[in-house]
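Chain naming follows the written order as A, B, C, D, E and F, and within any one chain the residues start at number 1.
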Amino acid sequence: METKSAGFIEDTIRHLSRFDNAECRQLFHEENQLPSIERLREAVELLRSIIFPGYFGEPAAPHSSLHHFLGVQVEKLYGILVQQIRNVRHFDSIVNLNGLPAESAEDTARRFIETLPELRRILCTDVNAIYNGDPAARSHGEIVFCYPSIRAMTNHRAAHTLLKLGVPLIPRIISEMSHSETGIDIHPGASIGEYFCIDHGTGVVIGETCIIGNNVRIYQGVTLGAKKFELDKDGNPAKNIPRHPIIKDNVVIYSNANILGRITIGKNSVIGGSVWITRDVPSYSRMLQQKAVESSFTDGLGI
Amino acid sequence: METKSAGFIEDTIRHLSRFDNAECRQLFHEENQLPSIERLREAVELLRSIIFPGYFGEPAAPHSSLHHFLGVQVEKLYGILVQQIRNVRHFDSIVNLNGLPAESAEDTARRFIETLPELRRILCTDVNAIYNGDPAARSHGEIVFCYPSIRAMTNHRAAHTLLKLGVPLIPRIISEMSHSETGIDIHPGASIGEYFCIDHGTGVVIGETCIIGNNVRIYQGVTLGAKKFELDKDGNPAKNIPRHPIIKDNVVIYSNANILGRITIGKNSVIGGSVWITRDVPSYSRMLQQKAVESSFTDGLGI
Amino acid sequence: METKSAGFIEDTIRHLSRFDNAECRQLFHEENQLPSIERLREAVELLRSIIFPGYFGEPAAPHSSLHHFLGVQVEKLYGILVQQIRNVRHFDSIVNLNGLPAESAEDTARRFIETLPELRRILCTDVNAIYNGDPAARSHGEIVFCYPSIRAMTNHRAAHTLLKLGVPLIPRIISEMSHSETGIDIHPGASIGEYFCIDHGTGVVIGETCIIGNNVRIYQGVTLGAKKFELDKDGNPAKNIPRHPIIKDNVVIYSNANILGRITIGKNSVIGGSVWITRDVPSYSRMLQQKAVESSFTDGLGI
Amino acid sequence: METKSAGFIEDTIRHLSRFDNAECRQLFHEENQLPSIERLREAVELLRSIIFPGYFGEPAAPHSSLHHFLGVQVEKLYGILVQQIRNVRHFDSIVNLNGLPAESAEDTARRFIETLPELRRILCTDVNAIYNGDPAARSHGEIVFCYPSIRAMTNHRAAHTLLKLGVPLIPRIISEMSHSETGIDIHPGASIGEYFCIDHGTGVVIGETCIIGNNVRIYQGVTLGAKKFELDKDGNPAKNIPRHPIIKDNVVIYSNANILGRITIGKNSVIGGSVWITRDVPSYSRMLQQKAVESSFTDGLGI
Amino acid sequence: METKSAGFIEDTIRHLSRFDNAECRQLFHEENQLPSIERLREAVELLRSIIFPGYFGEPAAPHSSLHHFLGVQVEKLYGILVQQIRNVRHFDSIVNLNGLPAESAEDTARRFIETLPELRRILCTDVNAIYNGDPAARSHGEIVFCYPSIRAMTNHRAAHTLLKLGVPLIPRIISEMSHSETGIDIHPGASIGEYFCIDHGTGVVIGETCIIGNNVRIYQGVTLGAKKFELDKDGNPAKNIPRHPIIKDNVVIYSNANILGRITIGKNSVIGGSVWITRDVPSYSRMLQQKAVESSFTDGLGI
Amino acid sequence: METKSAGFIEDTIRHLSRFDNAECRQLFHEENQLPSIERLREAVELLRSIIFPGYFGEPAAPHSSLHHFLGVQVEKLYGILVQQIRNVRHFDSIVNLNGLPAESAEDTARRFIETLPELRRILCTDVNAIYNGDPAARSHGEIVFCYPSIRAMTNHRAAHTLLKLGVPLIPRIISEMSHSETGIDIHPGASIGEYFCIDHGTGVVIGETCIIGNNVRIYQGVTLGAKKFELDKDGNPAKNIPRHPIIKDNVVIYSNANILGRITIGKNSVIGGSVWITRDVPSYSRMLQQKAVESSFTDGLGI
């Protein structure tokens, strides 16, 4: 019976080892080393403990020795980034990304490290935006420690910086980490201003070419997406063409709203829940779904 | 080159150690011990194995020795709660929560333990509500073992009890655990009746001051949220003001519906998917979105 | 004081050990061994590393030794499946599933193993569908490595195969794993064609009796669900009755759309975001929400 | 180059897979499941926490809930033993052990569990023997918590009991665990009386057929071993023949002494360090090495 | 059958829970928290990485950031020590240790930290002693990284310092850690000079009141032990009486030698292997075992 | 108080960071990567599972798929070796080893892999030597699975091979692993024939330049060591000079014997326990310690 068992297993392996279907050939990653999900997860944890010391990672240190803790964490973060950027550039070379700067992994990692103070400053505005906008928030500490949107925005702002430094793949991996944890899906390419607030957040999608101003607030389930898109001359989707909305300062977008295409939502506007917007909206506008049809309920449970 | 590397790292650390911007000062948690996410996760696992013995935690024990297993688990749960409630009260003292009872951590933990039989009783009604309402559910066991809404409701009902006992922060942490795992975001303050059923659940948001009756069923993406809110005399959002819906008995709310503000959905009503409701709905009503605009599709792919 | 503490703990345990409420009796799983979440998680990781070698699991091996790696992984996967199918059949026997084939666990596991090459072939079409449809996708590798929908579809296609082989419970567990990780909730019973693409995906629900054609694309928050359902003569929901939509080839469904009941969406149709559809839609149709009500915003923040 | 690499690997594997040398055939364990080192290690930890509650395993419980803790640990220990005894009987059947009782694994495990109170009683005498004999011992707690000989004797007394119950292999595995941790090598077959004290212990060897009385004390490096042994008619060493010393009550044996063969050391005798004893020693004797040869040291460092 | 099983388990638990035998009562550690083996192991790892940076713990850091790494490690070590010294003082209070200084745990830990530079200096002499004395040692790095005696001496020198600071139990635990790993058993009370070299080391025992000079070398299996000892007026062994040897500078002691009692081995002496010494040895002496009895071997294998 | 605490910590760090004492400078390993203990431990586990398939590592596979298991394990072992040999050559370059072959890490690893069949063959003779010589051994399986000497000899024979291939440091690390686990300390340089048997083994030391024939048996505590040694012209111990014994075929050496210097023990000789041998012993000799001095014991306990 063992022999019989081995029989079908050998047959299956033979099929699976072949990869003679050219189309599926890319499902086998043979040569180079991939970025390590585990090390990148560690990098994100380090980042969080650098930005918000005492909340994450090692237990609280007194202020007087904070610089040692930060020193070690920044060194480690730098080390992981250098290593992972090297890996990912190998990976990328076989998967046709567009022209990269010739900069060394060390230089790229250094440039990222140098943005950390600015990264903390802008995340601080996000924490304040939540504190000022959510009556349920009891303290800044609770927001830093518990709110999924701060987790998502920490990942996004770091991923966006890495993307601008020309690092492939890693930004996307970092974004997907917080997507999986929070249900908030922000493409690393999206550009987002200060004092940004996502409430609850599950189901939020913010597309690659979005441009979002300052002091914007969006709720769970909001899509800032693309409609149809151009095909290039080979029939493939044209990459890097602006196809997502521009959201101006002080806009509020309620839950499950769909805003699609390269349109502009003018400043101070309010978008109601579950609307479908595919055209520009002027400043100081309010967009609401048509009133629901109400009927008295006499024909049994359900719809 | 090492020296150069150390140069920018030292510069970055110097910036990051300063916290001289008063606004960002609260991003550094210096003094007290935070509640331990890891221990609270363990507490929730213990809770689950106490409520649903044999399904979670240790493998199934025979009924005859169940009391030993429960004894050990209840002891452990009590021990973790005492310790974590102590930590969190320290934390809270620096983050301005409103007046707590002077009760000891031991007394609070004891009072929580004493509610466990009631907690199991009411979760049992939730399991039954799903069994009776979901044709895809094959058995009670499958519901206990697999359904995300039971996971979310176990966390919620425990978090709600802790909140009512005056425990800060921990209820929110417990809620965010199941939010991350299930995409169901229920604020610990929300009051929810028996036989409550969430189906699928991803994207559900139930706000802090919601009051939900018995035998209510809601689907994925439903928001029971707040609209605008009052500011107090300092311009901060006024805390603890009722601002979320009241849902009466036997209501059904379909996917992605948005119900906002301190309104009441009357008993036995049915709310259709993706509607936007900001006013009271009488009992025995059915609220549906306007019919979609239909057009024949002749102008290329997309919208 | 310890004695007092033990007092209330003993009281609580006494209550919790009794299970004298018949209704709650099923919250205690006493006798048989449950499937192991941990081992099934391992099985899914093995599956992923077999389908996409070099991307998951062990680091990349050269092609020349790929067959050894696949050999070991397929052996392990087979071993776990045999063991877990045995457990789950014991479990099931106490929880009233409908008639199972008398086939041995070995035979069922073998039949699953034999479908692996086909499983890879069809997942390859899903990868290609994303590559051709998402301008943000840089390479096939990025899609395999990062896209949550590929994770969800790998789990779904495996779970669906196991369900068709008559395996209880395990398919649901596998589906809930990716539901928790990705927010995409596909019932193992759903039948899905080739070149299927889910974009972003959080909040997607695809019900048990859905039938989806080839080359379909759906976005985050889309529900393919049931409306009301029949009760059988005992007042329980009738199981296994078709109650979810049929989606024909080449349909696109935008974010947060709700499509409910056993209706048919004709081929090549486009469904706009946040619509509510409970009737058939002809081929080559476009269904859009009514235009939003626009008003100028002069009465303070909010709605 | 990869191909070349694979070449020598394939050649090596081909050799290693063959096992065509009959003598080496037993280096491949093909069919049955071995006892799990990991589970047995867990069993020993459970045993230690049952015998010495509060010192090992879970942190200290108050006396009032001790019975729950013991209940769970005894249940778990019983469960592991049943499972591992089953495995080892399979293993043994292919490795020619002598006739086993037909008793079920459940019965054997039960009989072991029933000896636990006696096991604790006798280990208590060992702790007292150390306390009374070692001026460096500050408390009973220090001895339980720190002394390697208590660790070794706990394993030995359990292993000896299992051996007498006819369990193959597992006793030896348990003995080797403490041999590796403490350097004390006691064969499970050795019979040892009460109030037994090993000091320091590294290098102690106590052979299979030793019989040791009460109140015996031995130091590090002591060998109670065999000399030459009989061959059976096939030229193999005759198994189970008494070939190790008998040590009577109140004997003290100093460091590195070698006592070999089926001889008797009479009661109350003292054996000095590094002696070589292969004949009986009467009671109340003292055996010392010949005085060392002393010379003045004038010819450079060394010997 | 389950019931029957539970029967004997309940009986066993009842016995085991009673502790009505007064003598065994101390096998149950009920009230206070014990020192944590796990945290102390971490403390020793930190110590090793502070003394020998780059060899243990985190991977090598450049010299320029070494102070951050040391800063964090010293902070952590300090934190663990404060916590564990607190625990152990509670433990000790129930186990009758002699009068402790009233110093706070913080002060004791601080005083230990302040000895770290001296600790490194003296361990450096031990490394050099090995390098100069072992032809097999290829480099200082190999000695630090591989030699068990350096591991043992690091633990011993730290444990000895803690003992002198009045810390109970922890020194013994730290010594037993390296005893288990290396087979070298040095009581924390032993006083050992500079340039100390243990070669191989398995089976070495150095007793509590030993005093060892500078530049001493000892080999595996050497015992520096006690003979008989005084009983106090209660018939218990008198504690803290000098009962182990004094070894003067430049002595070499070969393998398995036994040196017992409060005797003195004069400086520059050489002690041969497996001798038994219970009297003083003058300086510049050589002590060798009597020549072995040689006979021609004609009477079969063995002895 | 925090400030004060930080004060002494900063002082300590300042001292510890300096390394201005040239002698201690080598306690800081700054530049290159060390071999990873963890990966080498994994390599040894792989080796064990390749040599003794089914006993270690993954659970037993049927013979029919053994070649896949071996294939994966040999690939992994090769990969780890290549990586670790690279690391160690960097390490070595800063620690003055003598001239290495210019061979690549790949070639060295390949040459090691090619010796695996021979490694198994010779270890098989060791297993047989134990089986034939130990009446307590019940089966070949028990020996492979439980006997520390097989563990030690597996490490030694692999370490010896690596040493002969010119690999620095790693052989010593591998030897120290089994030294710590078994108390058996064999220098990788020692040359050992077939059918080698160590019984019990704790405290055995076999020096770097030993040459041991076939069919030799030694017991616990035996030292095959060096006496004094030559100094080179710089006053350092001369490296690589033969200074350990030669043991001819069929010799038996009993427990705790000390055999020192470049002497020869002639074939078939038997060496008794605790003897001190520093001169050649002819073939067919028996060497025994002088008879112990026996006295009647009338003067109180002890010696």
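Basically, a contact is a pair of C-beta atoms (placed from the backbone, for glycine too) under 8 Å apart; a residue touches a chain by one contact, two chains touch by 3 or more.
None of these values were measured; they are calculated from a predicted model.
**Q** Which contact partners do chain A and chain F have in common?
**A** C, E
**Q** Taking each chain's centre as the mean of its C-alpha atoms, give the chain farthest from chain A.
**A** The most distant chain relative to chain A turns out to be D.
**Q** Among C-F, E-F or B-D, which pair gives essentially the same interface as A-B, with more than half of the residue-number contact pairs in common?
**A** Repeated interface of A-B: E-F.
**Q** Please report how many Å separate the Cα centroid of chain B from that of chain F, as a whole number.
**A** For chain B versus chain F, the centre distance works out to 58 Å.
**Q** Just curious, how far off is chain F from chain D if you go by their C-alpha centres, in Å?
**A** Centre separation, chain D to chain F: 23 Å.
**Q** Using mean CA coordinates as chain centres, what's the chain A-chain E distance in Å?
**A** Chain centroid spacing, chain A to chain E, equals 53 Å.
**Q** Which chain A residues sit where two or more other chains touch them?
**A** 5, 9, 13, 61-63, 65, 67-68, 71, 75, 183, 202-203, 221, 229, 254, 256, 260, 272, 274-275, 288-290, 301-303
**Q** Which bits of chain C are touching chain A when the two form their complex?
**A** Listed in rising order, the residues are 50-55, 59-63, 66-67, 70-71, 74-75, 78, 106, 110, 113-114, 116-117, 120-121, 123-124, 127-128, 132-136, 138-142, 144-148, 181-183, 200, 202-203, 219-221, 227-229, 254-256, 260, 272-275, 278, 288-298, 301-303.
**Q** Report the residues of chain E in contact with chain A in the complex, numbered from low to high.
**A** 58, 61, 65, 67-69, 71-72, 75-76
**Q** Where on chain F is chain E touching in the complex?
**A** Those residues of chain F that touch chain E are 5, 8-17, 19, 21, 23-24, 26-34, 91, 94-97, 168-169, 172-173, 176, 179-180, 183, 185, 187, 189, 202-203, 205, 207-208, 221, 223, 225-226, 229, 236-241, 243, 252, 254, 256-258, 260, 268-270, 272, 274-277, 281, 284-290, 300-303.
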